[in-house]
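Residue numbering begins at 1 within each chain, and the chains themselves are lettered A, B, C, D, E and F in the order written.
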Amino acid sequence: MDSPNVAWLLTSASLVLLMTPGLAFFYGGMSRKKSVLNMMMMSFSSIGVVGVLWVLVGFSVSAGDTVGGWFGNPGSDFGMQSIFQSGVDATELDGSEFDLILAAFGATFAIITVALISGAVADRMKFSAWLVFSALWAVLVYSPVSHWVWGGGLLSSDYLFADMTAPQDIAGGTVVHINAGIAALVLALLLGTRKGFGKEPMRPHNLTLVMLGAALLWFGWFGFNAGSWWEADVFAAQIWLNTLVATCAGMLGWLLTEKIRDGKPTSLGAASGVVAGLVAITPAGLSVSPLGAIVLGTIAGILSALAVGLKYKLGYDDSLDVVGVHLVSGLWGTIAVGLFATDVNAFGDAGLFYGGGASLLVSQIIAAAIVMVYSGVMTLIIGLAIKYTIGLRVPEEVEVSGIDLAEHGETAYEEAV
Amino acid sequence: MDSPNVAWLLTSASLVLLMTPGLAFFYGGMSRKKSVLNMMMMSFSSIGVVGVLWVLVGFSVSAGDTVGGWFGNPGSDFGMQSIFQSGVDATELDGSEFDLILAAFGATFAIITVALISGAVADRMKFSAWLVFSALWAVLVYSPVSHWVWGGGLLSSDYLFADMTAPQDIAGGTVVHINAGIAALVLALLLGTRKGFGKEPMRPHNLTLVMLGAALLWFGWFGFNAGSWWEADVFAAQIWLNTLVATCAGMLGWLLTEKIRDGKPTSLGAASGVVAGLVAITPAGLSVSPLGAIVLGTIAGILSALAVGLKYKLGYDDSLDVVGVHLVSGLWGTIAVGLFATDVNAFGDAGLFYGGGASLLVSQIIAAAIVMVYSGVMTLIIGLAIKYTIGLRVPEEVEVSGIDLAEHGETAYEEAV
Amino acid sequence: MDSPNVAWLLTSASLVLLMTPGLAFFYGGMSRKKSVLNMMMMSFSSIGVVGVLWVLVGFSVSAGDTVGGWFGNPGSDFGMQSIFQSGVDATELDGSEFDLILAAFGATFAIITVALISGAVADRMKFSAWLVFSALWAVLVYSPVSHWVWGGGLLSSDYLFADMTAPQDIAGGTVVHINAGIAALVLALLLGTRKGFGKEPMRPHNLTLVMLGAALLWFGWFGFNAGSWWEADVFAAQIWLNTLVATCAGMLGWLLTEKIRDGKPTSLGAASGVVAGLVAITPAGLSVSPLGAIVLGTIAGILSALAVGLKYKLGYDDSLDVVGVHLVSGLWGTIAVGLFATDVNAFGDAGLFYGGGASLLVSQIIAAAIVMVYSGVMTLIIGLAIKYTIGLRVPEEVEVSGIDLAEHGETAYEEAV
Amino acid sequence: MKLVTAIIQPHRVDEVRAALEAAGVKGVTVSEAAGYGRQKGHTEVYRGAEYTVDLVPKTRLEVLVDDADAATVTEAIVSAAQTGKIGDGKVWVVPVDDVARVRTGEHGADAL
Amino acid sequence: MKLVTAIIQPHRVDEVRAALEAAGVKGVTVSEAAGYGRQKGHTEVYRGAEYTVDLVPKTRLEVLVDDADAATVTEAIVSAAQTGKIGDGKVWVVPVDDVARVRTGEHGADAL
Amino acid sequence: MKLVTAIIQPHRVDEVRAALEAAGVKGVTVSEAAGYGRQKGHTEVYRGAEYTVDLVPKTRLEVLVDDADAATVTEAIVSAAQTGKIGDGKVWVVPVDDVARVRTGEHGADAL
């Protein structure tokens, strides 16, 4: 990293922070009127809880001195004191001043990953249980996994991939989307279905809010993806352009699927297709060409549009489709890197369709599988621990009368009578 | 362009992309409750359709090898493959890496220009017809016109203005606003008036959404205008400042007109005045001084406030006032450059009031007129072709019961009963 | 300032401009349905009025040639003509081109400071009175105070603090928050309480809008705080990170206070805690470490959560808690600098807890006190002048039937019947 | 006196109001309602799952009239609201013991 | 039994409710309505075009009472809702054949 | 004919509607309401200040029936809406002089 562009990173970090409120609106709009505040509070509280924890200890676990590749030593930089000190002390520019910026940027990733999970638990999770879950999961799941992939840990070429092609995940297909998607699935299963699931429609209470959320997510995602390259150069531009067109294609893929299957393209479909496209391009932005991004995005839109119906068939109440969108498109994007990575790839290796053979594809699948297993098991342990201590779920009456009133003492909208 | 600032361009491109959802909220809030989703879907689908088409072919038509100044060869860079390749291949920084960024930036302009038109067709255009229209118009109208003005084509000093003062249009007064404004007028005429037009009030269903849209438009417009200079230097700052004060003045001009004419300054007026000011300063940001920007913006606010009433008198149903705002203030801003361009103008020539004589004014008018004619005729041809094939308009019952339900199978808000 | 980063400043200025609409949504959501438009119009009109005035004369009063430290000569740069001219004329980069950017950036600060005050006068201030007030206050209060603190005036080391430790206020704890907070208090007292104050609940009509406002404020505040350092370097990153964690902590502090006092953490509390944290870190971002920021933010959240109840006890109708949030957390943040400023402080002096002794603390308190007195007295004079000329308050019937209809001729939402 | 209540299609309100004015009725109370009946509702699609909203929006009008006017007013409403399509609604008449005008405290026919 | 229905100004609901409690009425059903009448609506302005909203928001109260209480309750509502301005509303009384309490299935006066 | 009006808990609407269909009733008009009664409302908290919302949301159903069916329909509603908790609501029956179907202009029992 010889010419880090600080302006772009500060901008990117701001953009990524905006994504979590964006997610709050995306999820909040899809909720029912009586639970929109609780849904939004899960995202907002993630910012509060994970932000503080990241500074205190999460950053150390993610980027601190590695303990055998498993995680960073949590004591390596309590409160970011040493990175702060060395950054602002630096009399000459030696790169150490840049670390502080990256540490700050990293906080926003931890925050949104945790918040993503909340879509699976709409209407029924105790707020206290959510707070505890988000704190534990951020430190015990997100931070180690990010250490493996980005901190020179297990899934880097220093460890597991020492003799294999290194997997490519520029902005977090594994660390963010597969990780959060599998956690969402496990938590939805632990919580059980909502009263009326599969019978009542439970339709979005405000689709303009959903569209607003999708818009802010997309906007912020440019920082998420193109900021992850840490430089404001041509590769950032490549990622930016891919983040644009894969998402355009994801929207079209979803709308097309709806048109064929249901007869009508919906606005919820457009918003969801946007997110599916964004998820899929996340690991792939630096690996593929614009044409590759269009194909990848289109398929992501189609796959996720088909996948969101699964929960009714399989009976898990992934309320706002974290699994169908983030897990499915996250897996697809991660695997697609193994297919579509070009031969002018800044990372080095090309994928199957660009003459690179199957080795990158294999590595991508291995990395994805390991994250799924770890995240799934850890989420189960954390979830069970909460279930048998403070409890996970609100009483049934609360679900009927509305979780906003019970957990927050508020209703979202002034009613005339 | 010797020191392109990539960070600012990536930021600007992100800002401009946000404008189209911003427009969706601006227009959506002005719609009736039963057609807000369709209105927003016209903007969102423009992002999807035009974004993909731009990469495939639109960019080539706009910036590819010119065919006699008329348009770029559509085959010059299919899928942006060559610009992508040369950008990421560049071992030394020779400027070619910068092209990829500009190509990406350009996509966001094509997208919003198409989306702007949709304000004229509220409540009554078939969604399929809109999709076809937006695709054709982007490639056959937007791309060639941008080639003329910014791609060294017809309206550059290589062709028509070889022996005349070159017109000044830093960010798209002609390419974006006049172009979209005239297309909106033609399409509104082709579609005919809505049932109840001029009799029922058809008032905005949510003015907070309108304000949100105006806010996001303004925010994004800083990238639109100040990013169009491609450098983060004092001229970008000049444009930024002018984009601020012209818009402030546009708001005040509109509110003043309302206060005098109607007795009350409205929030819809404030939001509309903001947009009028932004439209007017678009071509002029690099040409005028801050004082010039204030005068220009104030007059834009007044002119557009007066112009939006015309549709009732003349009988065309430009539903959300694309003509009154974008065409009128776009023309005004383009002409005003010929009046207020200063003598410290980075482009070179001053306007009538700053000692530059009438030659710039004449060029501005010629450029505007040519774009109006081309865009008007082409929109008519495309519109008629759609009308006599798949049809332009939904049945009358659908207009009464609401286009959201008929075209998208959704209603925007959960109703209690 | 040897390497100003223009890209970051243009981005920051855009971010800060977005804060005022963000404030409009934050305040608007807290209003009742019948006065949301008026509330939002007070913010929007501040942008219009103050933006134009800043260019004409405010900038000169703030940053022009000082008149004995009291204010800049209002005639020093009418219409920013000379700063514009020298900026765009500069053939070599000598820094003068940078001044134009800072002048533009400054406009956004003046705008939001004025808009902040409007939260205290919800539902009952004549719109014309607000327009006059905002114009006078911007020029007679904001501009001189910003001159004192940032323009080398009274509160700089050239005057009052020539022989004392210079106070530290990187982004406006005194100039913006204490200044606006005290003005809000005085104006609320002058206007008197709303009909039904303390009896009717007057609950927020739309909490999702409040959350949106808080989100946009936070997003924009990164530009506000980290942009105020004028460089995109490690110190900007320090401020960025502190702006993140102090705000996270502010949210948690407020929610904790609610949980203990009321039994339930609310979404209004989360949004308010965010703002309290942001206010408190505003003067302190460059002075404290991340750990210091967490402590400072937590206490801000607690203090403001306790303070918002005061108005019922003391009987002033600070409708949307400008005093409880901005004055209280603004004072706390300003004082906290005297306690928590670290010894690696880019400003130079450490605070009480970091071995710097009490001298910085004393200076912080003196600066805060002087701003409070000046702002309070001037607001009283301006307010009284308006009261006894055009009048401050709408008639009681208007308050009952709704100020939106009476002052703007509009209602925010389409009603079905 | 009688209370005439009508459940009609929302887009016929203006016509009915005009007819009532023509019939000399000076006041009406209006509210939102929704109905089940022979008329079917509509289908919405969310995430691939279709569901039926079988409540159809209607508008309720209530008019207090003198006994003598009940039949005329009923007819006026029926003919103004009629489109001939299923779902046009119902009108019914209920006996009223007493009416009072709040502003004046007047009772009976004077209060209308 | 009787059903007393009142259409009143929305901002008088609290006063009327207090009056009803004072009169010993234990339950009330409330809903939103809007009215045309002598009272004029208001004017809104959009993009320079004025238009009149002539429906004025009102609140409807419904109270089931014993025959004997109908007159007292009517008077209680009238006097609590009265502001003396046009648009104060109407109160009317309708005979009721039967009332049932859903929770218990009780009928008649016991069900009130 | 009779008009049966029911004020019930919103979450019992589907059950009641099914019961009405089983009882052969073809049409219903539904609207939103809110009630005071024995059932208490809830408490909301804003900026540390608690306040009570004592109106509880309810749904109103109106069914026009033949005289003969009034009792059956009333019972059908009562049993379908019953949860046994305070706040289950009320059902009442009012005599109707006449009913008209707007679409056809039919009167009386044919209009139901």
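Quick note on the criterion: a contact is a pair of C-beta atoms (placed from the backbone, for glycine too) under 8 Å apart; a residue touches a chain by one contact, two chains touch by 3 or more.
These figures come from a predicted structure and were not determined experimentally.
Touch-path distance (fewest steps) from subunit C to subunit E is 1. For the pairs B-D and C-F, the larger set of C-beta contacts lies at C-F. For C-E, the equivalent interface among the listed pairs B-D, C-F or A-D is B-D, as over half of the contact pairs agree by residue number. Here the spacing of subunit A and subunit F, counted between their Cα centres, is 46 Å. Centre to centre, using the average C-alpha position, subunit B and subunit E are separated by 52 Å.
Once the centre of each chain is set as its mean CA position, subunit D and subunit E turn out to be 18 Å apart. The distance from the centre of subunit A to the centre of subunit C, each centre being the mean of the chain's C-alpha atoms, comes to 34 Å. In subunit A, 7-8, 11, 203-204, 206, 212, 262-264, 266, 268, 409-410, 416-417 are the positions where the chain touches two or more neighbouring chains simultaneously. Residue positions of subunit F touching 2 or more other chains, listed in rising order: 30-34, 44-46, 50, 55, 94-95.
Interface residues of subunit E, counted against subunit C in their complex, comprise 11, 32-34, 42-46, 50, 55. On the side of subunit F, the complex with subunit C involves touching residues 44-51.
Within the complex, the subunit B residues that touch subunit D are 400, 405, 409-411, 417. Contact residues of subunit C toward subunit F in the complex are 201, 203-204, 258, 261-264, 266, 268-269, 272, 305, 308-309, 312, 321.
On the subunit A side of its complex with subunit B, the touching residues are 5, 7-8, 11, 15, 32-33, 203-208, 211-212, 214-215, 218-219, 222-223, 226, 232-238, 240-241, 244-245, 247-249, 251-252, 255, 262-268, 270-271, 273-274, 289-291, 294, 344, 346.
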